[in-house]
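In the two complexes that follow, chain A is the common piece, with chain B as its partner first and chain C second.
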Partner chain A sequence: MIRPGPWVFCWRRHRLAARLPQNPLRDYLRHEMPDLNGDCSSTPFLAVDLETTGLNPREDQILSIGWVAMDGLAVRLATAEQRWVRPTRDIPEASAVVHQITDDQAARGGSLGEALAHLLSALAGRVMLAHHAAVETGFLDRACLAEYGHPCMIPTVDTLKLAQDELARRQETARSGGLRLNALRQQYNLPRYRGHDALLDALAAAELFAAQITHRAEGRPLPLHRVLHRPGPLW
Partner chain B sequence: MDAELQEIREFLAASPDFAVLPETALDRLPKQLIVRYLRRGSSFPPVGTEAGDLWLVRAGAVDLRDSHDELLDKLGEGDVYANPANGDPVTPVIGRVVEDALFYLLPARDSEELRRQHPEFAERFDRASSRPKEKALAALQGAGSQGDSVLTVSVGELITRAPESTSPDANIQSAAQHMSEQNVSALLVMAEDELVGIVTDHDLRKRCLATGRSRKEPVGNIMSSRLQTVTPETPAFEALLLMSRQDIHHLPVLAGKRPVGLISTTDLIRHQGTNAVYLVRDIRRCESVAALSRVAKSLPELQIQLVQSGATAFHLGQAITAVIDALTRRLLKLAEAELGPPPVPYAWLACGSQGRREQTVHTDQDNALIHADSDQKGIDAYFVRLANFVTDGLDRCGLPHCPGGVSPKNSDWRRSVSDWRNAFAKATYNPDLKGAMLAAHYFDLRVVHGDATLFDPLRSEALASGARRPFINQMVTNALRHSPPLGFFRQLVLVRSGEQADTLDVKKQGLLLVSSLAQVYALLGRLTGMHTMERLRGAVQLGIINRDAGANLCDAYETLATLRTRHQVNQLKGGLSPDNHIPPKSLSALERGHLKDAFSVIATMQKNLRVQLAGTGSL
Partner chain C sequence: MSDGLDTTREFLSAHAPFDRLEADALEFLLPRLETRFYASGDRITDPDHGPAQRFHIIRQGRIRGETPSEDEQISGKAWELIPGESFPIGALLGRRPVHTVHRALEDTICLELSVEDFDRLRARSQIFNDFCSRRLASLLDRVHQGLLSQGLGNGGAGSGQLNTPLGARIAREPVTCGPDTPLREALTAMRDQRVGSIVAVDGEQRPVGIFTMTDLLGRVALQEVDLDTPLQRVMTPDPIALPDSALGFEGIESMAEHGMKHLCVVADGRLVGVLGERDLLTSNPLTLDRMVRGILRAEAVGTIADHLREVPRMIGAVISQGAEADQILRLITRINDHATRRVLVLMRRQHDIDGIDFTWLAFGSQAREEQALRTDQDNGILFQCEKGQEDATRERLLPFAQDVNKALDECGFDLCPGNIMAGNPECCLSGPEWNRRFSRWIDQGTPEHLLKSSIFFDIRTIDGDADPVESLRSQMLRKTAFNSRFRRQMAANQMSIRPPLGLFGEIRSGADGINIKLQGLTPFVDGARVMALAAELPATRSHERLDQAVASEVLRENDARDYHAALRYLQMLRLRTQQRALDAGREDSNRIRPEELGTLEARVLKEAFRQARKLQGQLAVQYQL
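Showing the complex of A and B:
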C-alpha cells in the first residue's frame, strides 16, 4: 500500500526533473527512486554524514561530506568517499574543536558545488541514510537551493528515528544521551570508533542501520516504506 | 581525494593473519571490504557466501563446531574465518553467531588475488599445507634480540689471530718468553703438523713455578694433552658451555686437523654476553651451602641477561641447566667432604627438564640416585644422608623440593644398579599407564655427577628392549593424555570442552605435550638424544615423522618456550617470582597467532599418533 505522501513526493521529483536545466540535480532526479515496497535487505542505500560549522542550515556551512554505499545491508567500503568543502567564512573555534578541521585543512577543500555534484551522483537510485537526518536534509536542501535554485528531494531513512520508533514499540522512553550514535551502536554490540569525521560517522550510521534492520526484520522481509523518514506517510 | 579508512586499516594490521601483509597491501585493503552484520543465533557463514571468502570478526563472537557438535574454535574480535576455496579439502564446519557480530568480508575474488600475490598470507589459510612456519618464529624471536651476540655467532667469527705454537721439545723458559713476546695466555703444542697439547699461563704457574720444576725441562712435561677442541662452525655458545662444563679456559679451533685459532673464555665474555661462565666458576669456589645459596641468587639475573641478548629457548635451557648441574655437583662434593667418601661408587641423576637440559629459573628438583650393588651394611643410610644434604642444599639455593617426590630421598628414586634394572623392567614389561608414566620419567634420566658407567648401560638396555608394542602403546596413551588448548577467545584460553581459563599453563598445556611426543619418537627410533629438539631432529632423520612435521613441531616447541622465557623475564623484572602461567592479555595478537599455530601443530601430531596407534600396522 502506498500512502499519499510518497506518491506526492515521487510526482514532485518528476515534475522538478522536467523543469530543471541540465545540472547535477536534474541528473540525480532522473534516476528512479528505489521501490518503496521492496525489501530493505535488497534496497540500495547511501549512508551520508555532514560536518558543519553549526546546526542551522540558514547560517552555518558544510565543512565536509562523507558517504558509503550499502547494497541491502552490506556496506561496500569500495564506495567510501569524503569531500572537504572550502568555507566562505572562517570556521568558528567551537566547531573546529569538534571536527578537528582547521582553516588550513578546509582551505585545501573544493567548492560546495563540486562536493554536491559528487554526492548527488553517488545518491542516484539510492535512499539516503543518516543519523538525525534532519541535519543532512536541511543542509543539502539549502545547498541545492543555492546551487540549482531548488531544494533536492532525497528519499531518506533516519537511524535516530528508527531508534525512537523501536522505543515507542516497546513503550519505553529514551535515557539521556541514549539516542546518540555511539550509545545506540553499543546496544547492538557495534565497536566504538575512536576517530570522528564525516566518513567514519557515515560508516557508523550504516552499520547501525544494518543492525537495526537485522533485529527488526527477524529474517522476514521488511518493506522500505515502513522505515522511510522522508517522504513520510503524509508528506 | 582518497577516503581515509585509517581505523579499519589499523584493525587489519592488528590481526595476526593480515599483519603478515606489506604496508602497501594493507593500505589498499580497507576499500576491498564489505561490512556485514549478523545477529545472535544466525548461522555462519551466512547464505550466499562464496568459496574463498574471508570473514574477519570486527565485533561479536562465533562458535565453530564439527558435525558431532564438538567445539572446534571460537572466533572473537580479530579472528578470521576462511571459507574453504574450491579444491580445498573440506571438513564440514557449522558456525553459529553467539554474540551479535560485525564482520569485514573480503570477497573471494580479492582474497584469491591477495593470496596469489602474498604467499606468506596464503599460507595462513592453506589448510592442506603443513609447511614450516619458521619465518613467523624468527619474527617472534627477533623481537628483543640485540644483534650479534655470543648466542648467534660461530667460533670462527671470534678468531682474531692465528694461534701461536711451540714444539713439545722446546723448554719451558723459551715457551714462556714466546708467550710474553706475543702477549698471549696460551700456546698450542705441535708435534710435526699435529696438535698434541696446550700450555697456558695457568700450567706455567701451577706445574712449574709452584712445584719448583726446572725451566729447562721440555714444555711437553707440563702441557695439558687431553684436549677438547672445536671447529670454526661451532656456535660460540656451545664453546662457552663446553668451557663451563669442563672448567677450562682455552679451546683450540681446528679446521680438519689444522689449528686455525685459539679462543679463550675472555674472548667469549668480551664478545658480550653472559656470565654463565663466571657463575659456574663462582659455584666451584663455594665452600659452604650458605655461600652457594648466595651465588645462586644471580640465576634469575642470568636468565634476564640471556633473553635480552637474544638467546633462543634452546640456548637458555642449556645455560640454566649447566649452572644447575654445577650447583648440584658442588653440593655433592660438599656432602662427600662432610659425610666422608661414598662406600660404593654411585651416580647422581637428573630427571625431567634438567635431564633434558630444558630448564628455566622456575624449576623444582627432579633427581634420582644409583649406586653399585653391594652387600655391605649401612650403604643406604649413607646415601639417604647424602640425598638429604644435597636436596636441602638445592632447596636453599632456590630450587624447591620436588612436590611429586621424584627425589633420591625417596627409596623409589634411590636404588642399586640391580634394583634400577628391575624397576626399568617392571615399568617397560608391565604395560599399564602408571608404568608408562614412570618409564617416561626414566627415559629422561641423565648422569650429572659420579660414575656414569653405572647408569648408561641401563639406559641403553631399556631403549633396546623398550620398543615393544604393548609398551609403546602405553607410552603413546601417556603422551596423548592431554590435548593442547584450541586457542584464545578474547582474553581467555579456550580449551576443548568449551571452557575458558584465565591463564595458559605453557608448560602443561604446551611444552610437555611436545616433549611427550618426542619421547615416543625417541623410543621408536631408539634415539639416545635427550633434548626434545634433538629427539625431534633424530626422528626426522630416521623417517619416523616427515621433515615438515618435524620442523613444525620444533617451531611449536621453540615458540612456546620463547614465550615462556619472555614471560618469566617480565615477571622477574617486575619483582615477581617466575612461573609458567601466561595471561592471554599479556600476549600480542601476533603472539597469540603463533601460539594458536603451535597448538594446532601439536593437535595434528597427536591425532596422527592416535591414528597410527589405532591402526593395526606398526607405528
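Showing the complex of A and C:
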C-alpha cells in the first residue's frame, strides 16, 4: 500500500531544516528520523509528558516537561529528566489542584525556550511517545512557533490511539475512563503510579507502549509506520 | 535528575536486600536501571543465549523458572518468582549461561541492570554483594534479627548474647587461691571481693576446683566443718572449663550437661574468668541449673514432669537471646536425657533387674539430638546375656521397660504410635538379636519395611554401656555402605515426602496449613541419613551428618551451607510454632500457615523448601531414581 504521508513528512522536515537559521529546532531537524520500515522493538523512542494549565494550546501554558528514553523497548531510567517552566501568567487554581504545581514551584522553573531546547536535543533521532499525543504535539508546535517561528515536526506515537485501534480491531467499545493511562496499564498488569507528574506519566506511557507493542507484535517484526500517530498514512 | 524516580525508589525500599542498600549504592543503582516489559509466556532468559547479560528484579508480575526438559519439570524443579525477587544471580556471578528458562507467567515488568553494572554494584555495596553470594543465609539473618527484636518468648532482653564468645562476657578478674588455702582465708577473700564463688588453681593458673556459696551451706556450715580445713577437702574438683573462644551457648549446654551453676573460662589452660549461669542467661528467672538439679534429685515421676513443664518457657528465653535452632534442640535433648536417666533410676528401684547389663537406647529425634518441645518417645533396650538366655532375660526386663515407658508418658513424652518402645518385646533385644534385625532390614527389607524402620538407623546410648551400641552401629554401617539395593531403597523412601511446593514453585498449603515437621524437616533429616548410611558416617545429628558428608566428599560445601541454613530455619520455625501452640493450648503443634508469616519469611520458607527439593533431586540423580 502506498502511504504518501510519511514521505511527504520527511521531505518537509528536510526542507524546513534547510530554511531555518541556526537554532535548536534546526539542529533537531537535521538528525535523521528513525527508519519508518524499521522494527518497533529496535527503534529509539522518547516518552514525553507535559503538565499544562489547561488543554487549549492557544490559551494555556506548559508548566513542566518530563521525558525518558526507550531503546529496544527497555526504558532507561538514566535518561529520565524533568524541566519546570516559569509561566508568564498565574496558574489557574483548578489546574494547580490536578498537577500540584504551585506558583512558587513554577517560579523556580526556567524559561520555555531553555526547556524546549533540552527536549529537542533529547528527541534528536527519536520518535516521540505520549499518551493522548495531541496535547503534546499541539503545545510543542505552539511553543516552537513562538520560539522559532515554525511548528516542530516530530514523528509521534500515541498509546491512547494504539489502545483505540486495538479496541476497534476487537470490535469493542471503550468503557468510560477505560482509556485513561492507569486503566490501560492495569490491563497489562503494570504497577499503579501516582498520576500527574510529568516524568512519572512519561515513564508510565513508555511502559504501556512496551506492553502494547509486545502484545501486538507477537514475536514478529512490527514496522514503525504501522503504529505512527503522526505522520499518519496521508499526513 | 528528578524525583520522578521516587516510585522506583519506593518499590526498592520495600524489598530485601534493596531496602538495606547503602545510600550511595542506591543512588548508583537507580539511574542505571532499565524497565522492561514481558508479555505472558515470553522467555526472559534462555540457556542457549550464552552467558547471562542482565540482572532482573521483578517489578510486577510473576515469573517461572523452568528447566528445559519436561522430565525435570515433573520432578519439580520449576519454581515461581514474585515481585521483589531477582534472578539469575548464580549465572551472573559465574559468568555462565543460565540453567533455566525464566518465563513470564503473566504480563510482567522487570527492573534490569547490565552485568557490568551488576558487578559495579556488588563492588560498591557490601549488602548487595552479601545478598548475592549467600542469598538464603543473608535472608535468614534478617529473619533471625527480626525475631530477636520482637523479643520472642518471655525473655526479650539482649540479642545474640548466646552467640558471643565466653571471653567477651567476663566482667572481672577471677578470685582464686591455692587448693591448700584454709577455708577461713578463702571465705574472707570471697567476702572482700563480693563474689559467690572462688576457684582453686594450681601453680600454672589451671583451675583444679571450685567452691561456691551453695557449697558453703551444704558442705561446711551444716556439716560443721572446721574453718582451718584446706579448701581442697570441700571444693568441687575438676570444674567445667571452656576455652574463651567457646560460645555463650556452649556454656549453657555444659552447665545443663553437668548440672553446674558456674563454669571456668580458660585461655591456653589458664583461668581467665568465672561465669555464672546468670551471666549467660541474664533475663531468665528460672534457671537451667535449678531445673537439671531438680530433675536429678527427683524422687517421683511427677516431680520430673513438673520440671519438664518449665522447658518451653526456658527455651523461649534461650531463643530470645539468639541461640541457633540446632543448639536449642540439643539443649532440649540434654534435658530430656537427664529426665530419662532419672526415670530409669526411679524405676530400677521398683523392679528386680539386678545383674542384667543393659543399655537404654534412643531412636529417632532423641538419638539425633533434635528433640523439639513436643515429642514422642522412641526407645529400646540392648541387653547382654548368655547364649540361650535371651527370652528369660527379656521376660525380666519387659515389666521394667513398660513401666519406664508409662513414666515417660507421664513426663510428657507421648507413647510412640508405632510402638517403637523398650516395653515392646520387638525393641528389647540382645546385641546379636539387634544385629540380626538390622541385617534383615538391610538385606531383605521391602520399601515399606524400611519406611517404618528408618528411625532405627538413628541410634544413641542414653544410659548404660555405650560400647555394644557402637559396635552395633559400625557393623550396621559396614553393611549399609556395601548394599546398594538397600541404599537405593532408602533414597527412594526419602523421596516419598515432597516439600509442599506447587508445580511452579509456589508454596502449596492445604486448608489446615502445612505440617512443618513432615513436609519441611523430614526431607532434610532423611536425606542426611541416606548420606550417612551410604558413606559410613558415624554421626547421628543431621547437621553433623551434613558436615561429615562434606568432609568425605559426597556433598559439595556450598550445597551443605544452604542445607544447614534451611534446616536451621525450619527447626526454628517449628520451635516457634510449637511454643505458640503450647501457649494457646492447641494440639496441632506442627502446623504452620504460610499466609500468617510476613513476606520476607514467606520467601525464606519457600527458599527452604526449594533447598529440600534440591537435596531430594541430588539424591535422585545419585541413585538414578
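We take it that the second predicted complex is superposed on the first by the 231 of 235 C-alpha atoms of A that agree within 3 Å, B and C clash if a C-alpha of one lies under 4 Å from a C-alpha of the other, contacts with A are read in each partner's own complex, and residues count from 1 in each chain.
One rule holds for everything that comes next: contacts are C-beta pairs under 8 Å (C-beta built on N, C-alpha and C of every residue); 3 or more make two chains touch, one makes a residue touch a chain.
All values derive from a computational prediction rather than experimental measurement.
Enquirer: Specify the outcome, clash or fit, for chain B and chain C once both structures are aligned onto chain A.
Expert: clash
Enquirer: Looking at the overlay, what does A:66 touch: chain B (first), chain C (second), both, or neither?
Expert: both
Enquirer: Which partner does A:203 reach: the first (chain B), the second (chain C), both, or neither?
Expert: So A:203 meets both chain B and chain C here.
Enquirer: Between chain B (first) and chain C (second), which, if any, makes contact with A:40: first, second, both or neither?
Expert: A:40 sits against neither chain B nor chain C.
Enquirer: Please work out whether A:195 is in contact with chain B alone, chain C alone, both, or neither, and reply first, second, both or neither.
Expert: first
Enquirer: Touch check for A:133: first (chain B), second (chain C), both, or neither?
Expert: In the superposed model, A:133 contacts neither chain B nor chain C.
Enquirer: Applying the touch criterion given at the start, work out whether A:144 contacts chain B, chain C, both or neither, answering first, second, both or neither.
Expert: Neither chain B nor chain C is touched by A:144.
Enquirer: In the superposed model, only one of 56-64, 236-244 or 488-496 in chain C has C-alpha atoms clashing with chain B. Which one?
Expert: 56-64
Enquirer: Using the superposition on chain A as set up above, list the residues of chain A that contact both chain B and chain C.
Expert: Common interface on chain A, chain B vs chain C: 66, 73-78, 80-82, 188-191, 193-194, 197, 199-200, 203, 206-207, 210-211, 214-215.
Enquirer: So in the complex, the part of chain A that touches chain C is made up of which residues?
Expert: By the definition above, chain A touches chain C via 66, 68, 73-78, 80-82, 188-191, 193-194, 197-200, 202-203, 206-207, 210-211, 214-215.
Enquirer: Using the touch definition up top, name the residues of chain C that touch chain A in the complex.
Expert: Checking each residue of chain C against chain A gives 1-5, 7-8, 11, 30-39, 42, 59-61, 106-109, 112.
Enquirer: Taking the touch rule as given, give the residues of chain A at its contact with chain B in the complex, in rising order.
Expert: On the chain A side, the touching residues are 66, 73-78, 80-84, 188-191, 193-195, 197, 199-200, 203, 206-207, 210-211, 214-215.
Enquirer: Could you please specify the touching residues of chain B with respect to chain A in the complex?
Expert: 1, 3-8, 30-39, 58-60, 77, 99-102, 105
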